[in-house]
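Heads up, there are several structures right after this.
Next come two complexes, and both contain chain A; in the first it sits with chain B, in the second with chain C.
And then the complex of A and B:
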C-alpha cells in the first residue's frame, strides 16, 4: 500500500527531475542570449529594415518605404565607390603588413632569446593601449611643426612631408600606425601556433636536406594553418570594421583620402543624419563580413568536421 | 637527449631590440615630452630630455574635464566586466556541460557575432537606447559593451569549463551540492585563468570603445576617456604638453592592469585557437 504512494511520489519526482534537467541548460544560457538578442540581433534586423527606408533624424516619424532606392543611389555615388575601393586597399595592406610582420616577430620570439618573456610582454603593450592614446602619441610624433619625426628629417629634407594632412601620405601612415597597434595580437596568436610544433619535425626535415625556406613552407606553414587562418580573418575583419583607427587621426580626410566604408557610414548617419543611406552602407559592410565568415568556416571547419565538433 | 642551451644568434637579438624600441620609444617620448615647457616643445633648439621636472602640463589638465572622463571610463569598465563575466560564466557552463539541439549552431552564432560591424548597429542602438531613456547615460554604454563582450567571453569560458573533469563535479552533485553551488565551488576555481582572460578582454574593449560612446553621450562631463581625449585633441593641437600629460595619466592604469594580468593576455589569443 505504502509502496504505491511512494511509487507515485517517485514518478512525480522523477518527472519533475526530467523536466528540470531538460530546462536547466536554458536557465544557464538564457540570460546571456536575452541580452545578445536585445542588443545585437534586434538591431541587426532593424538596420536591414532601415536600409529600405527614406529615414532621417531630422524628420522623425516620417520614414517612408523606398525599396532598394538607397542601394541604387549608393551604386551611383562616386564617394561610395571610392570608399568601397579604398576599404579593399586598406584591408589588403593591413593583411600584408600585419601578418607579414607578425610572422617575422613570432619566428624571432620562438627562438631562444635572452629575456624572451620581457621582450614578448613589452611588444604587446601597443595592443593593450586604447586607440585614442595611439592617436595622441602618433599625431604628436607626426606633427609637421613640433613633431620629433620632422625634427629628425629637417636636416636631411628641405621640405619634410606634412604626413596626415597630405593626401599621398595619410593612408600609408595610417596603415603603418594601425600595424603598430594590431600586429602584436597577430604575433601572439602565431607564436602560440609555432610553440605547438614538435622539434622533431624540423630535425626530420633537416635530415631530408630541406633548407630554411623549405622548412618554413613545408613544416611551419602547414603546422600553423589554423593560427594563420584565424589571424587572416581577424586582421581583415578588424580592418574593414576599423573606425577609430581612421576617425581619430584624419576623420576620413584630407579631402577624402582616408575615407573607408565605416567612416563614410558614420558621416552619413551622424553628420548628415541620413539614416536610410547610412544603414544601406552598413549592410554592405555586413555582407562583406558574411562572405569572409563563410569563407573562413569553409576553409577551417569544412576540412576537419570531426575535430571541430562540440566536444 | 641533449638539451638546447645555446641562445639564438646575435642577429635575432638585434632584431628583438629593434622591435622593443619600436614598441616602447613612442611612449618614452610621450613621457619625456610631458615634462617640457611650451618653448621646449616648439622651440628651434630641442633637447631629448626636459630641462627640469616641469609639472605645468599636468596642472593645466585640471582646467578640462579630464578627470571626469577618467572616472567615467573606470565606472563603465568595472560595470561591463562584472555583468559580462557573470552572464558568460553561466552561459559558458551551459554550453560546456549540456548537449542539446542546436548547440553547435548556437556556438557558430556566438563566434560570428564577434564579426558584426559596430557601425551597422550604431543607428538602431542609438534609437533603442533613446527609447529606453538611456541616452547620455553610462548605464546605456555598460549594457551595449556587455553584449559586445559576451560572445567571446562565453566562448572562452566554455573552453575552460570543457577542460574541468566532469567527475569532480558529479562527485559534488552526489554529495548534495546543487548545480549552482557545484559550479561556484568546484568548476569555477580551476577555470579562473579563463575568467581573468575574459576580464582582460572586456576591460581592454571598454577602454578602447569610441563609436558608441561618441554617439550616445552628449554631456561633456559624462564622456569616457576615448571620446573626451579625442575632443581635447581637436581643441588643443597646439598645446601638445597638456595632451601628452593626459596621455601619460591614461597610460598608468593601462600598464598597472596589464602588468598584473599580462600572463592572461596570451590566453585571449589561445582561447581563439582552441576549441
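And then the complex of A and C:
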C-alpha cells in the first residue's frame, strides 16, 4: 500500500518535472513573443479594421463603416491595377537581377582569389550604405546634365537619356540601383552556403565525369538550396516593401511609371489622407506577403527533411 | 536529438528566414502608419528664455525654423523673455510637415503654434489641426491685406494670420538678354519670341518644371487668360476655352518650341532642381517666387540677373504663396499661443521676418522704405495686388500635386496632347474636389 502511494507520488513528480522541462523554454520565450506579437498584431489588426471604414483625416471623427467598399473601389481603380502589376514586375526583376548577380559573385569569391578578404569586404559596402546616401550617390551619377554617366555617354549618343525622368528608363534604372544595394547581401548568404559544400563531393562528381555545368547543377545548387530559398524570399519581400528605393528617386513618377503598391499606399495616406483606402491597399500587400511566407515555410520547412533523407 | 543538426548553418538560416518573413510582415503591417522621413529638430528658442509660465511648441518647415540663432529663434527668445514662457521650435522637412501635423492631430495632440504654407490652410482647418481664431483675429484684421487674410481662412473662418507672403515673378539673365538685344518681355507673345530667340546650342530660353511644379506654375497663365481654377460651386473650371488656350500656349513652349532644357522633365521635387539650369547659365528666363533667389545666388554668386513682373495677356496675375501662423487645434496653451501669433505678426516684430529675406504679410510693408530699397524684392511686393490665392479646399494638395501633376507629366512625357490631357483631368479633379 505504502509502496504504491510512493510509486504514484514518484510518477506524479516525474510527470511534473517533464512538464516543467517542456514548458520552461516556453516561459523564456513568452515575454519576447508577447511583445513582438503585440507590436505586429496591433497595427495589422488596426489596418484591417480601418480598411472597412470610410476614414479620411480631412474629416476627423466622421469615420463610417462601409464594408468592402474600399476593396471594390480599389479593384475597379486602374491606378491600383497597374501598381499591382508593376509590383510583380518590380519584385520579379529584382529577383532575377539580384539573385543572378549574387550567384556569379558568390561563385567567384568562393574560389582562391588574390586579396580575397579585401574583395569580399569591399563588395559588401553597398549593402551597409543607407538608402538616403544611395539616393544621393545615384541621383548624382545619373544627373542628366552634370552626371558622370551621361558625360561618358555624350560622345557616343547625342542626347543621352534623362534616366530617372524617362518613362522607359526609370523602372529599369531603379531595379539596377536597388540591385546595387541588395545584391551583396544575397551574395554573402549564397557564399556562406557554398563554403559548406565538402570538396569531396566535387571530386567524386569529377571522377564520374561531370563537367563544370553538371557539377554546378547537380552538386552546387542542391547543396545551397536552403540559401537560395532564403535569398529568394528576402529579395521578393524586400522588393515589395522597398518603398524608399523608389520614393527617394522618382516618387512613383514619371507619370506613374514607377508606382508600386507601397508608394501608392503612401500617396493615398499622406497626399489624399484617405486612410480607409490606404489601409485596404496595405491589407492587400499584407496578404501577398502572407502567401509568400506560407509558400516559403511549405517549401523549406515542410518538405526538405524528407527530400534530404531520400538523397 | 542530433546536436549537430540543431546547430547547423542550414537550420540557422531557416530560422533566419522565418525571422525575415516575420519582419517583412511587421514592416508591411506598420507601413501606412509610419511617417516617411525623420524629423530634424532644431531647438533654438529655449536658449535665453527660461520662463516659469510654461512652454509653447512651435512647428514649421526647416527653412522657416532655421538654425539655432535664426531670426525666428531670436523672436521666440524675445517673446519668452517678455511673457515668461519657453518657446520650443521644431523644424520638419517641408514635404513631411503637413502629413506629420495631420497624423499627430488625428492622435489628439500637436503643437501649440504652427507656421504652414497658405495652400494647406484649408486642409489643416478641415483636418482639425489648426484652431478657429475668428473671435480673436478681428481686432488685428485691419493690419493685413484682405487677399492674404482670405488665404489663411477656410469656410468663412480665420485659421491663421499672414506670416510671410510671396508670389511668382520672372527671373531673367541680364547678360543673355542684353547680348541678344532683347527687352524684358511683358506679354505672352514677347515671352515666347524671346524664349525662341534665346534658345540655341547649349542655351535655352525658358524653364519649366515637372509634376507639381509644372501644375503650380501654370495657374498664373490660366488667370492671365481670364480663366478660373474652380467655379463658385467648387467644380473644376480650368478646362474652359480660355483655360485650354492658355494651357496649349504654355505646353506648346515646352513641347513644340522646345525652349526649355530637356532635363526639365526631371525637375519634380525640389526647387533646387528647377533653378539649377538658370544658375548654370543654361537658361535665360524662369518663373519662380522669391525662394528662388537664394539658391541661384548660392550656386552662382557672379550671375547678374533681374526680376520682373510676370508677362501678362488679358490681365496681370500671379499665384499667391507664403506662410501663415496659426494656433494648434490641440494646443495645450491656446491663449498664450494666440498671444504669440498676434505678437509675431505685429508691426514691431516685422524685422525678424525681414531678416530672413521674406516679405511680412502686413499692409504697411507695401508702402515701406524697406520695400523700395531692393529692386528684386520690390517686384514681388508690387505684384501683391494681382496675386491670387488658390482655392481653399481641403483636398487642394491632391488636386495640385496629384491630378494636375500627373496631367502635366503625361503631356511632357509625350503621352497626351495638351488639350486632351486638360479635359481628361476635369473628372479626376472633380472627384478629388468633392471627396
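Convention: the second predicted complex is superposed on the first by the 265 of 311 C-alpha atoms of A that agree within 3 Å, B and C clash if a C-alpha of one lies under 4 Å from a C-alpha of the other, contacts with A are read in each partner's own complex, and residues count from 1 in each chain.
Heads up, the rule we're going with is that contacts are C-beta pairs under 8 Å (C-beta built on N, C-alpha and C of every residue); 3 or more make two chains touch, one makes a residue touch a chain.
The structure presented is a predicted model; accordingly, all values stated were derived computationally and were not measured.
K.L.:
Under the stated touch criterion, which partner chain does A:289 make contact with: chain B (first), chain C (second), both, or neither?
P.N.:
Touch status of A:289: both partners.
K.L.:
Which partner chains sit in contact with A:145 here, chain B, chain C, both or neither? Use first/second/both/neither.
P.N.:
Both chain B and chain C are touched by A:145.
K.L.:
Where does A:40 make contact in the superposed view: on chain B (first), on chain C (second), on both, or on neither?
P.N.:
In the superposition, A:40 touches chain B and chain C alike.
K.L.:
Tell me which partner A:159 touches in the superposition: chain B (first), chain C (second), both or neither.
P.N.:
After superposing on A, A:159 lies in contact with chain C but is clear of chain B.
K.L.:
Could you look at A:274 and tell me whether it touches chain B, chain C, both or neither (first, second, both, neither)?
P.N.:
second
K.L.:
Comparing chain C with chain B, which touches more residues belonging to chain A?
P.N.:
Touched residues of chain A are more numerous for B.
K.L.:
Quick one: classify A:24 as touching chain B (first), chain C (second), both or neither.
P.N.:
After superposition on chain A, A:24 lies in contact with chain B alone.
K.L.:
For A:255, using the defined touch cut-off, is the partner it touches chain B, chain C, both, or neither? Pick first, second, both or neither.
P.N.:
second
K.L.:
Applying the document's definition of touch, where does A:167 land relative to chain B and chain C: first, second, both, or neither?
P.N.:
In the superposed model, A:167 contacts chain C only, not chain B.
K.L.:
Where on chain A do chain B and chain C both make contact?
P.N.:
Of chain A, residues 36, 39-40, 43-44, 46-47, 145, 189, 192-193, 226-227, 230, 234, 237, 240-241, 243, 247, 262, 265-266, 269-270, 275, 278-279, 282, 285-286, 289, 292-293, 297 contact chain B in one complex and chain C in the other.
K.L.:
Would you mind writing out the residues of chain A in touch with chain C in their complex?
P.N.:
36, 39-40, 43-44, 46-47, 56-61, 144-145, 159, 162, 164-167, 189, 192-193, 196, 226-227, 229-230, 233-234, 237-238, 240-241, 243, 247, 250-251, 253-256, 262, 265-267, 269-275, 278-279, 281-282, 285-286, 289-290, 292-293, 296-297, 300-301
K.L.:
Tell me, which parts of chain B touch chain A in their complex?
P.N.:
For chain B paired with chain A, touching residues are 4, 6-8, 12-13, 15-16, 19-20, 22-24, 26-27, 29-30, 33, 41-42, 46, 87-88, 90-91, 93-95, 97-100, 103-104, 106-108, 112-113, 115-125, 127-128, 143-144, 146-148, 150-151, 154, 162, 179, 204, 207-208, 210-211, 215, 225-226, 229-230, 233, 237, 240, 243-244, 246-247, 250-251, 254-255, 258, 262, 265-266, 269-270, 272-273, 275.
K.L.:
Provide the residue numbers of chain A that touch chain B in the complex, in ascending order.
P.N.:
Of all residues in chain A, those touching chain B are 24-29, 31-33, 35-36, 38-40, 42-44, 46-47, 50, 105, 108-109, 111-114, 119, 121-126, 128-133, 135-141, 143, 145-146, 148, 151, 180, 184-185, 188-189, 192-193, 226-227, 230, 234, 237, 240-241, 243-244, 247-248, 262, 265-266, 269-270, 275, 278-279, 282-283, 285-286, 289, 292-293, 297, 308-311.
K.L.:
Provide the residue numbers of chain C that touch chain A in the complex, in ascending order.
P.N.:
9-10, 13-14, 16-18, 20-22, 24-33, 35-36, 99, 102-103, 105-106, 123, 126-128, 210-211, 261-263, 265-266, 268-269, 276-277, 280, 282, 394-395, 397-398, 401-402, 406, 409-410, 413, 415, 432, 435
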